[in-house]
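The following blocks contain the structures, represented as structure tokens.
Heads up, the next two complexes both have chain A, just with different partners, chain B and then chain C.
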Partner chain A sequence: MTTHTAKRVNSPFVATRNACKLCTPLGACLAFAGVAGARTILHGSQGCATYIRRYMISHFKEPVDIASSNFSESATIFGGRENLRAGLANVTRQYQPEVIGVATTCLAETIGEDVGMYLHEIRSQSSADDPALPPVVHVGTPSYCGTHAEGYLATVHALVSQLAEDGSSGEHVNVFPNMFSPADLRYLKEICHDFGLPVTLLPDYSDTLDGPTWDDYQLIPEGGTPLAAVRRTGQARASIEFTCVHGEKASAGRWLEDHFHVPNHRLPMPIGIRASDALFDALGSICGGETPARHAAERGRLIDSLVDGHKYLFERRAVVFGEEDLVAGIAGLLGELGVHPVLCASGGDSGRLRSAIAGLVPDQAEQIQVRQATDYADLEELAGDLKPDLLIGNSKGYWLARRLNVPLVRIGFPIHDRVGGARLLHVGYRGAQQLVDRTINTLLESIQEQSDEGYSYL
Partner chain B sequence: MSESSTTGDTLLSGDASVTATVVREELLRDYPAKTKKKREKQIVINDKQRGEDGSLHLPVVAANTRTVPGIITQRGCCYAGCKGVILGPTRDIVNIVHGPIGCSFYSWLTRRNQTHTPTDEHDNFMTYCFSTDMTEENIIFGGEKRLRQAIQEAYDLFHPKAIAVFSTCPVGLIGDDVHQVSAEMKKQLGINVFAFSCEGYKGVSQSAGHHIANNQIFKHVIGEDDTERSQWSINLLGEYNIGGDAFVIEDLLERCGIELVSTFSGNSTYDQFANAHMARLNAVMCHRSINYVADMIEKKYGTPWIKVNFIGANATAKSLRKIAEYFDDRKLTENVERVIGEEFPAVVEAQRKYRPRCAGKRAVLFVGGSRAHHYQELFSELGMETIAAGYEFAHRDDYEGRQVLPTIKIDADSRNIEELRVDADQEKFRESDRQKGLKREEQGYTFREYDGMMAEMKDQTLIIDDISHSEAERLIKMVRPDVFCAGIKEKYSVQKMGVPCKQLHSYDYGGPYAGFTGAINFYEEIDRMVNARIWSRVQPPWENGSPGTESSSPSPTSLEEMEELEESTNS
Partner chain C sequence: MISVLEQRAAQIHQNGRAPFAMDCEKHSVAGSVSQRACVFCGSRVVLYPVADALHLIHGPVGCAAYTWDIRGALSSGPQLHRMSFSTDLREKDVIYGGEPKLYQALVQLIDLYQPKAAFVYSTCIVGVIGDDVAAICRRVESEKGISVLPVHSEGFKGTKKDGYQAACAALFQLVGTGPIDEISPLSLNILGDFNIAGETWLIRNYYERMGIQVVATITGDGRVDDIRRSHGAALNVVQCSGSMTHLARLMEDKYGIPSLRVSYFGLEDMSRALYEVAEHFGDSRVQQRAEALVHDEVAALLPDLRRYKKVLSGKRAAIYTGGAFKAFSLVRSLRTLGMKTVLAGSQTGNREDYQLLRELCDEDTILVDDTNPLELAKFVQEKDVDLLIGGVKERPIAYKLGIGFCDHNHERKIGLAGFEGLRQFAREVHSTVMSPVWRLVPRRRRPSAAVEANEAAAVHFQPRCPGECSTCDLPHCDVPVGQEILP
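So, the complex of A and B:
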């Protein structure tokens, strides 16, 4: 197969060749999938909903149901209010959802649909035949600004800012994850539980996107953050959110702090030892307790394994790609392992990836090449010269790995050429342990494969 | 009078009350009046009536109508049909998607069409995903400049033979003239550059995109290269080489001595399309997606077309014979019979092995625009019954047969899709081919004929067009089919309910299923699915007997017992 690697050093490409980002409403769909009894409607043409469904399904290998307001050509001219009205009514009748999420596609945004106003009109003008609508949360997610990561955070922000209520302070803590796996979410809940802290995790798709077989037909998969809990986020004793690249405009934690005085803790994604320490520290300070023994023990085992595994990892060179926060987190972990994250790249364009990485890997900040708004073709051109030993990122890096002939450690989203994407752990001590073990084993496997002798005792 | 003696056949073995009528009513039950009125015409019982003269009368299926907002559909968009389905499998045209990133990203290698370049030096851009990745600024001020630059970049990078541009939803709204930009760049670069106005909101499904793709390929590519082709040359239209199907068919044709000029569009190249008008016969596999090209070639160049089907061993043999019959040459007929003779023993042996294990089991198929029909062949070769079926994006003719074409009403959604006016090409029209066709027709050979899905399905089975997600789940609950054929979007909800789901878009990473060897692969695969032991393990032992238990087999309590049990379920 021919490979084309014409380089453009001076003028960057205008077109995107093999994008390293997905579109904004996908993030919205993922976040809405973590609310109990929720159904999502994408306001626009049906193709986007179908594509996003199939993409999420191929990663999670679970049902993902997203409706569409299904614009016709005339709706693009006269507006989509009637389509939205019909969509809401049909979704309500068929699924009796507890909440409906409405996210816009590029089409709706291009014609300037005012969904908030539509919802207001639809509610105030409903007739006796219309079913009573549940709460509807809407979020604007044009893909021509932002990526799926922004869509995800914007949706969490929309859920909180449109549903949260003030009231007497509760005992619970809000945890607003970033684009984590269902396994990560389960583990975060477990950690909070072990601290004795009641937690509202929003979103929580740990069951809805990684569930068991069904005894009986389910209209909407069980699980997710209950609506009442979303409302009570305004009464939490604190919020924790994980991002070091996204601005505060889309910060659910910041919104609650501003409106309901819920103190917000903004942490990097808890990937690697230091970033996980920061999470355990924050939880400890919120509840005034110590890191529970079994988690401290996990940390101990992690450190022990690093001492043992260091010889395989030291001075290795890695290329990392994916969402900005994930890339920053992985860079932090690699720094701790003695691996050089020689190239850190994302299709996202927050403008803050470099400073985030500098904060997490201060001693290597100078040497690390950081690329934002990049694509896989750029990556390939850059990575070849850097002679990496491994790639860390999602399945879309497969071609890069194949061409460079270096192994790929699959993490994040999407993973559609392996099973178990939903069950990969990234966060906390346990997540770091898994990443370290997988990374070392991947390297060992490639050493073994390339060795003439075929060592079996490494 | 109805074809079958017992109207109201049951769809669920062992329960005579679950007839198509009962299931249909249940599926329609909760819809509000307006939606119900629409779905009533799309959920239809295959009530086959014979007229006095023996002619078959089928109920009307209101296919190719817009899905109601809020109903979760299998359907994709016009762009998906155009770029993803028709142009996606061609390896040496650089496809640039003009629009925001998602539309391009989601169609990047997500269909499993395969391609083989003759050498590593040949172009293959299929692993590449090119997008103008529009920004807010482009949405406000227009994206033509960006598109022009993207075309230039693609050219500088690859120097391809052709570049194709695909419009996504926002493009139509901001008014970028993709055709003008393409024409200018064609002139400037000296290669073929053409565009598709396949914005996702056009039409009601992928189908609109197929039509638009057919039109533009016909306008801009077919007829560019007049290299002569042999007497026994054909195009294979509507075969997309999922899982290597086209490779199997290519091999069969070659062994028969039939020259394959082009395939639309599995394992295809730009040059094949350019030369397609020189083939002497068009063989149409997927009628839905490609019949327009067949019709247009016939009008302009005189090449007649026939419907074929290479899914199913019998259908494959029949199709090869039909091609040979058209060319009417003893040598060719001998070749075809020899090839069929070489292939069939293995098929029969496989049928002997798998039929007893699968016979009597029930399948439902909801997929595509031809597969839900074609794959019924394979199930019937296994002795399995298709109790319900429907297409995702087909039209009435694909259900009821082409004879209904004159009676199809054109609605607003279809009116927007251009019908090209095509006249005979003064120079290139081959009168001899037309005459040959006319002569064959007199002898009783049929062209342009497709009877559709329903004629071949059993009487009183259930037809569901554009099945929705919730209808599919209720259908499963009621009839508990032994296998459910659909795509990845349905796969995991079907399997959550304890029914195996065979993907007929991607083949579950298996295949090929075309031709004789493909049929054998399919038998094996279906046997594996419908007889898999995992379904009996869904229920944990501590919940024995609670509702939803599918397993009739006892749960083993030891390894020996388990092995014994597996032995017995195996044999």
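So, the complex of A and C:
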């Protein structure tokens, strides 16, 4: 489209223009979607649930049912306890959930709703007409604090801290993924299985948000982390979680370590070879085993393919954007390929993205521009001068790619303008292979398209 | 087993089974997964297509992020409406107030983008933290010399319909502020068409062919200056009446402009709209041109429609729309294609709408108001439909159950209005209902009378390159779709 290109003003921009982030409750909805038999209620206005549903449906192309306590004007003035009570009862009646997640919206947080107290009161004062409620996990997700990434991690923390139980130590390992795709989650389970490690993946929306068609409409899609498994996270032999930007306050692994002495392994997102090695090493050290042969073979093929493709990648310039952990992970991978991640940007504002990238791409740290709390309009102004060869990020970078006339490798969430977002792999050797192949082929396609003569061999 | 919530029972009606007493226009039931959004959504969708205005959403980032480039509403010029601007309130703004940020944001954005006007949308918490948005708007308006219009769209203050009203109230501030010379007595405003995939352009073209001047398109391909002078038009033609009737009423009260309620979807409704407009002006030349236009367009369309009808006859459809008026047109359009509507509903219909829908539909058609995914799933399964018409949120319900789907919402990229739109609608319906993929989907494997009937129809289906015979390589079209995988 012809656009309103605007000159950058000298003072920092006050408004956010084309946000490169989403609100915290979306992260909560995604995390709750990975718990078996779970339904989510957003405590606030109807629109929050509907917008988030639409946004997630457009990516996953699956039903995403999120209820709302549906505040009216009087609930806003007098409090939403009755709305929450009615919402919990109606969700229970309709869906017969095994667990209900309640996430607050900015409205509920601003008027100071005490959901914990409400839940206590609702349970203790229930009447004979009310259905028996399943366990309810609540998480505070005011959208004026943090982004969807923080909402996601806060919800995993809430699930663990409100449900985990002590007990005799089990053989299993907890894996707390970051905002991975369903394909990533399936693959992580496969890796753990191949190590012979029983795993509790929390959340696990690999089936609930990427399932087959149905004979009959399912009240709640099959799959997800069973409630009993969430409870047993307190008895695991170890936890692994993937973040290098988010603090330990919202760390499920840290919470379990503090309360139930479950050793926590904090790793960066396993994107790229070294970060994936760190995951395989951690799993190996937990179970005392080697990387299983077929994964070692996958690593071997991946490296071989890097050798085959290295010249197409060397000193290419990439702009990377999305959630901070994802951006750091991709920067790490690009560093391994010889691609310069000239601009790494996120709408998130943890304050730790720069140091995370410096840790993952030490030899390029000085040259990489890192932007936090950024938006797509800022990115457009910055990226144009950097003359990138490609963009790597979610599909909201489409306009950026179109205006800069630079190809976009779509990764992460959301993918709204292509099919298959749920099937994209990012993590581990297999994910790196897919990313590397897609990156090289994107560059090759762009060169081939620009060739005057055309060619059919490399 | 899917059950219907007791509180919702009165919002569902099965024709012929009970006296008609449909409940509607209610706040959604807490815990029911309503397909509606909120007040803000209502305002945002209505104002969104005003292309040369700044749309600043005052609140935390979500409301702006989820409505960035959300509509397929096209502009023939400026594209400012496709940017998403938010004050992105943070914790300290919530504590100390968002007014300073709003003021600064407005000033910066207006300096930078030079819009013709600015709409400032209040989201939920703005009402709660007590920002005086109207006062900031007045201040910036006087400083910058453009209209800065507050839109009172706090999400909790009602339903999507209240958001429509807030949007109309904001638009009405502009009406009457522009020059109205050089406006013909044969003139109208197009209200309630949003130029999805260029539909407003198509409709505008029809009116212009009839010799009628189009003063303002509100809001599809909308421009601030056109809206300012829209009070000079002789007639308001209102589609999507739920969203725009309020503005038409305001204009009628203040400027005495009469209005006509129309729909541009389907053969009958499209033709009726043009005839009624022509009749309104009582000008014989306009009437003759309308007749000629309808005749030409329909004649060009009928051969294609006949072909589609042949294969789609007897198929069963469910309709769930935002406004009810569109549902009427869809029932008629489906009938044009030989299809039967067995379930119809809307997010925001009123009692008269449902009464009309009831009269329009067959005896056993189920009507639903403000339904939810479970009810929709239950009824489309019970009614064994071949097609669901709705928006993005309804799509997975259909697809999961092996049912065809047609997007008739504001995100679509295919024009479905006007005569040409009906051809595309037929093509859309055909391409989903007749796809061979359904034979691979579990639901379709189960033997039932309806499924067998569908399969039988499919075997005899001879695709004939619908609608594009001039460009089609006909021979390959003579093989029945999916024949090799039939049992």
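One rule holds for everything that comes next: the second predicted complex is superposed on the first by the 448 of 458 C-alpha atoms of A that agree within 3 Å, B and C clash if a C-alpha of one lies under 4 Å from a C-alpha of the other, contacts with A are read in each partner's own complex, and residues count from 1 in each chain.
Assume contacts are C-beta pairs under 8 Å (C-beta built on N, C-alpha and C of every residue); 3 or more make two chains touch, one makes a residue touch a chain.
Note that this is a predicted model, so its numbers are computed, not measured.
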Touching partner for A:L159 - first (chain B), second (chain C), both, neither: neither
Contacts of A:L119 with chain B and chain C, given as first, second, both or neither: neither
A:L88 touches, of chain B and chain C: first, second, both or neither? both
Which superposed partner A:G44 touches (first chain B, second chain C, both, neither): both
Common interface residues of chain A - those touching chain B in one complex and chain C in the other: 1-2, 4, 6, 13-19, 21-23, 25-26, 41, 44-55, 57-58, 61-73, 75-76, 83-84, 86-91, 93-95, 105-107, 110-111, 142-145, 147, 213-219, 347, 377, 399
Chain A-touching residues of chain B, taken from the complex the two chains share: 30-32, 35, 66-80, 96, 99-108, 110, 117, 120-124, 127-136, 138-139, 146, 149-150, 153-154, 156-158, 168-170, 172-174, 200-202, 412-413, 416, 469-470, 473-474, 476-477, 487-489, 491-493, 495-498, 538, 546-548
Contacting residues of chain C [partner chain A, same complex]: 2-3, 5, 7, 27-41, 56, 59-69, 78-80, 82-91, 93-94, 101, 104-105, 108-109, 111-113, 124-125, 127-129, 155-159, 372-374, 377-378, 381, 392-393, 395-397, 399-402, 441-443, 446
In the complex, chain A residues that touch chain B: 1-2, 4, 6, 13-19, 21-26, 41, 44-55, 57-58, 61-76, 83-84, 86-91, 93-95, 105-107, 109-111, 129, 142-145, 147, 211, 213-219, 347, 377, 399
Chain C-facing residues of chain A, complex: 1-4, 6-7, 9, 11, 13-19, 21-23, 25-26, 41, 44-55, 57-58, 61-73, 75-76, 83-84, 86-91, 93-95, 105-107, 110-111, 142-145, 147, 213-219, 347, 377, 396, 399
